[in-house]
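The data blocks that follow each hold one structure.
You will see two complexes here that share subunit A, one where it goes with subunit B and one where it goes with subunit C.
Our next item is the complex of A and B:
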């Protein structure tokens, strides 16, 4: 019996990575859910908006680094974030003006809007590649590890290492701050309240004098801010590669639908649910059980429920089950 | 009507004249797709050999070679098959350098090349499955099978004093073939493989894969993946969580990019990739730089060798018909005979013309074994102080 080692192994390989990944998904899902709640369509271009935003942040980071500016122990990219958000907001506002507004005025069906967003996705996809290329880019600087596995082993004498990266803590903290700011904005400001009113009942909101174009513009700006932040945190934690953001779209959608599309709280819960299920259901519990089992009872097999190839299948199995039994998601969102 | 008749007569005359002196040869490589950066130098390598022979004027009756390129995409078997079909039925090529990747090469060979009786020599398809493929003697490769790489890697790992490893591979023909051949070779030599798990390329997160590998344990992690794909993702995750300190890298991972991205973090790790330490390689590099392309690019030398072997076999058989010259490929590739290095194709053609025998060595030390694949020489490298060092060849 060695509870401490078992706990550290679980913490190191399941809890910490899944929490950081969950926070990244949650931020992405918040953006998707916001656009769905207020503009009433599933925005497939969200993944590539994240990629574009991150590309802008990287360019600004390089600029700052060339000027000799740094944030000390924190990544320089944090300083560049506002610039990236501004550039991305301009892009999505421009897209809204040139593409989405036309279909909104036509009162196009949601499925048409979804197809339009797929088109926008491909254009943004190409744009990002033109701007920054297709290669993998690492742009994290500052302190990489708060706790490194080797130091932890030496300091505690445990046989299991524990690694905690600066970017993981940063991801969770930033995600928390963003969520708090978003909720505060939606609940306590006039613009936030008008957005909620517009989301609840468009006609009633228009009758009470809410300017729809303003609500739409603010929504896009917030979505751009969420997308850029999520993309940058993901890029800092792993690495930036334009193509990976396209793949990120699937778990993000799974997260927002499981949580309940249009419900911000659901997006956060969905993000963590998907991340934890992806990592923990395919985790091989051999080591953990080996520590916990009495002498001579250690498992010889891997004690793995599913091979890691099936991790996406896990998210989608959850998605199907939720849609079957609670079509509006775990937290009551709009029906899809 | 008269004009039309004259025009078609002129056209026929042109076609007739062309077929008497020009031999068309296909090059089917993945000019677009996941290995597009390698395809350019490979095609240039093959074209370099074709040009060398054309310029010599010694092939058969002074024939010249016209290379025709086709995009195999590396991943889309249907597109590759359509491309090879065009080469054979429209361009009427007498042989094809390609395909590039194992899956696509198998599909185009079985669906088009074999029914039409055209020879394909692949410079870079390395899946062990291709060794056992029923090919009517029409398929050869100048790259070694991954079965051989599996053996070499098993030896290298055991010589480092490591007896238990975890293996992760990229989920395709290349990764699975290499991982399986390595696992069986390693276990046959007394080692233990704790887990043999796939990872998919281009995924958002590799925590789950790293967690499973770490739980299975082992003294080192073998990453049979691509350096610009999931292979790097798994490596990054394993380093960050402290799951493994030592890594073994096969050919898909060994490259300058690995050193650039990971630097001294992978000190103490090692790997191997196909490359020969012979004089032939230096000769090829000189020729390549004179022709204006990078000869060190992966499989460029193998592509040159594939093209050269085809023409030497034609000369030896005295025919451009693949059904005839396919039987001569093994003869010109192996001993006995005069050793032929890159740039000496004219000499080889002359010897063959006079009824002599040649042993083609080329840029990649070609030695054909079994069903027509290169025995393969591998370069062993280690990583020290953030640099890649060549330890030796085997």
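Our next item is the complex of A and C:
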């Protein structure tokens, strides 16, 4: 029995990656949930908004690198992030002006809005690929590892290594700051409060003098900021590929629905729940159990519930279970 | 003054408001009565910008306001309450009231940071005002309750409270008294009279309780089937044969006179 090594292996292969992934999903789900709360439709284009935002950040990163600007130990992409957010905000505001606003004025049913967002999704997807191509792009520079597996082994004398990448810490810290800023905004500013009011009761908000177009615009800007940040963190952590963000849509939707659509806290909890489930169900526990099992009893198989190719099935299964048993999500959201 | 000119609002082939014309004089407490389905709430919805009219015009102090959005009308000082009380259910009663005066300095993200002192001061004033309103309506003890948890009558009071948070010019009340007990109804009636006298609010009040209407309102407008049937003082209205037939019935007149 070697509890310490088992714990380190678990930390290294499950906890740390899942936490970083969870933070990325949480940011993505916050965007979806916010748009749902205010505009009252599930925005299928959110994944591709993330892709577009990340593509903009990558372009800006290249620009900054060419100018010789760097953020020292941090990835240059962090400096490029505000530029990417601004570009993405312009795109989504433009989309709202040209597409969504028309349907909003028509008081189109939510299903119609969803279909419209699917159309927007295809356009954005094409736009992103047109701008930056379909290939995988790595754009993380700066310090790669805060703790490397080799150093860890040497320092602790354990046989199991622990690696902590700079991007993982960056992801969690940035996501934490974003979430803090968002909640501060929603709870302490007049505009944030009017967004909550609008989400709670649209008719009353209008009759209380709240300008709907303004609330909608602010919502899009925040959604763009969340999407770009989430997409960039995901791209730094793994790699950027336009199509990956389309695939992320499922876990992100699952996270926001599990947490209760329209409920920001729920989106965060949902993000981590999905990430932990996905990573732990697709992780081969052979090694961890090998450390824990008595001599001679080590498992022979991989002890993996589901191979990684099927990781999206996890989100899907969780989604189905939640919809069946608690359609408003774990935290009370609007029912879907 | 509000002037409604030959207003129509149709739902499909159904004429909910069918050529209504009326005037609400500045400084009055005008009553609007009529049988269920007469089109009273629909008329309110059109005036308040919730519904677009099929045809016709709405004027406010000589300026056309037909089809303006509710938030634009709000900033012109035109407020309304809902027949079925609306509230921000996930906010407390006090927060509900503090939500109302929507145009303030806390508006941009920029000055949310830079003008924090001024905003804090405004918030403090708002809070004081909200507490005064709650006192006035005798529901101070509910201030930290989530508005969604209030009873139907309490929500009605909150609706009235919303209109007291700003300096409104004209307030449309859609059955504020429905579901409210008699004592509270008197309180509401007193509140309306006081707001009218002390703060110069003009009111247009829909109410089925004829005692309430007779006590408060002059003139009274009677609607039936989307049209204005009669208009005049409460006494005058209660004498009107057409009104008695369409709405009051013969028994009621004697009762009100006996009470009055």
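The rule is simple: the second predicted complex is superposed on the first by the 331 of 336 C-alpha atoms of A that agree within 3 Å, B and C clash if a C-alpha of one lies under 4 Å from a C-alpha of the other, contacts with A are read in each partner's own complex, and residues count from 1 in each chain.
Keep this in mind: contacts are C-beta pairs under 8 Å (C-beta built on N, C-alpha and C of every residue); 3 or more make two chains touch, one makes a residue touch a chain.
Bear in mind the structure is a predicted one, so any value in this text is a computation, not a measurement.
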{"item": "Clash-or-fit label for the pair subunit B, subunit C on subunit A", "value": "fit"}
{"item": "Touching partner for A:46 - first (subunit B), second (subunit C), both, neither", "value": "neither"}
{"item": "Arrangement angle, subunit B at one end, subunit C at the other, subunit A at the vertex (C-alpha, nearest 10°)", "value": "140"}
{"item": "Contacts of A:21 with subunit B and subunit C, given as first, second, both or neither", "value": "first"}
{"item": "Subunit A residues touched - subunit C or subunit B, whichever exceeds", "value": "B"}
{"item": "Partner chain in contact with A:165 - subunit B first, subunit C second, else both or neither", "value": "first"}
{"item": "Subunit B versus subunit C as contact partner of A:285, first or second or both or neither", "value": "first"}
{"item": "Which superposed partner A:136 touches (first subunit B, second subunit C, both, neither)", "value": "first"}
{"item": "Subunit B versus subunit C - smallest C-alpha distance in the overlay, whole Å", "value": "34"}
{"item": "Footprint of subunit C on subunit A - complex, ascending", "value": "185, 188-191, 193-194, 196-197, 200-201, 203-212"}
{"item": "Residue numbers on subunit A that touch subunit B, as the complex places them", "value": "9, 12-14, 17-18, 21, 135-136, 138, 145, 148-150, 152-153, 161, 163, 165, 234, 238-239, 241, 243-244, 247-248, 251, 275, 278-279, 282-288, 302, 304, 307-309, 311"}
{"item": "Subunit A contact footprint on subunit C (complex, rising order)", "value": "48, 50, 69-71, 74-75, 79-80, 82, 86-91, 95, 99-109, 112, 119, 162, 166"}
{"item": "Subunit B - residues contacting subunit A, complex", "value": "171, 195, 197-200, 202-205, 207-212, 214-217, 228, 232-233, 236-237, 240-243, 261"}
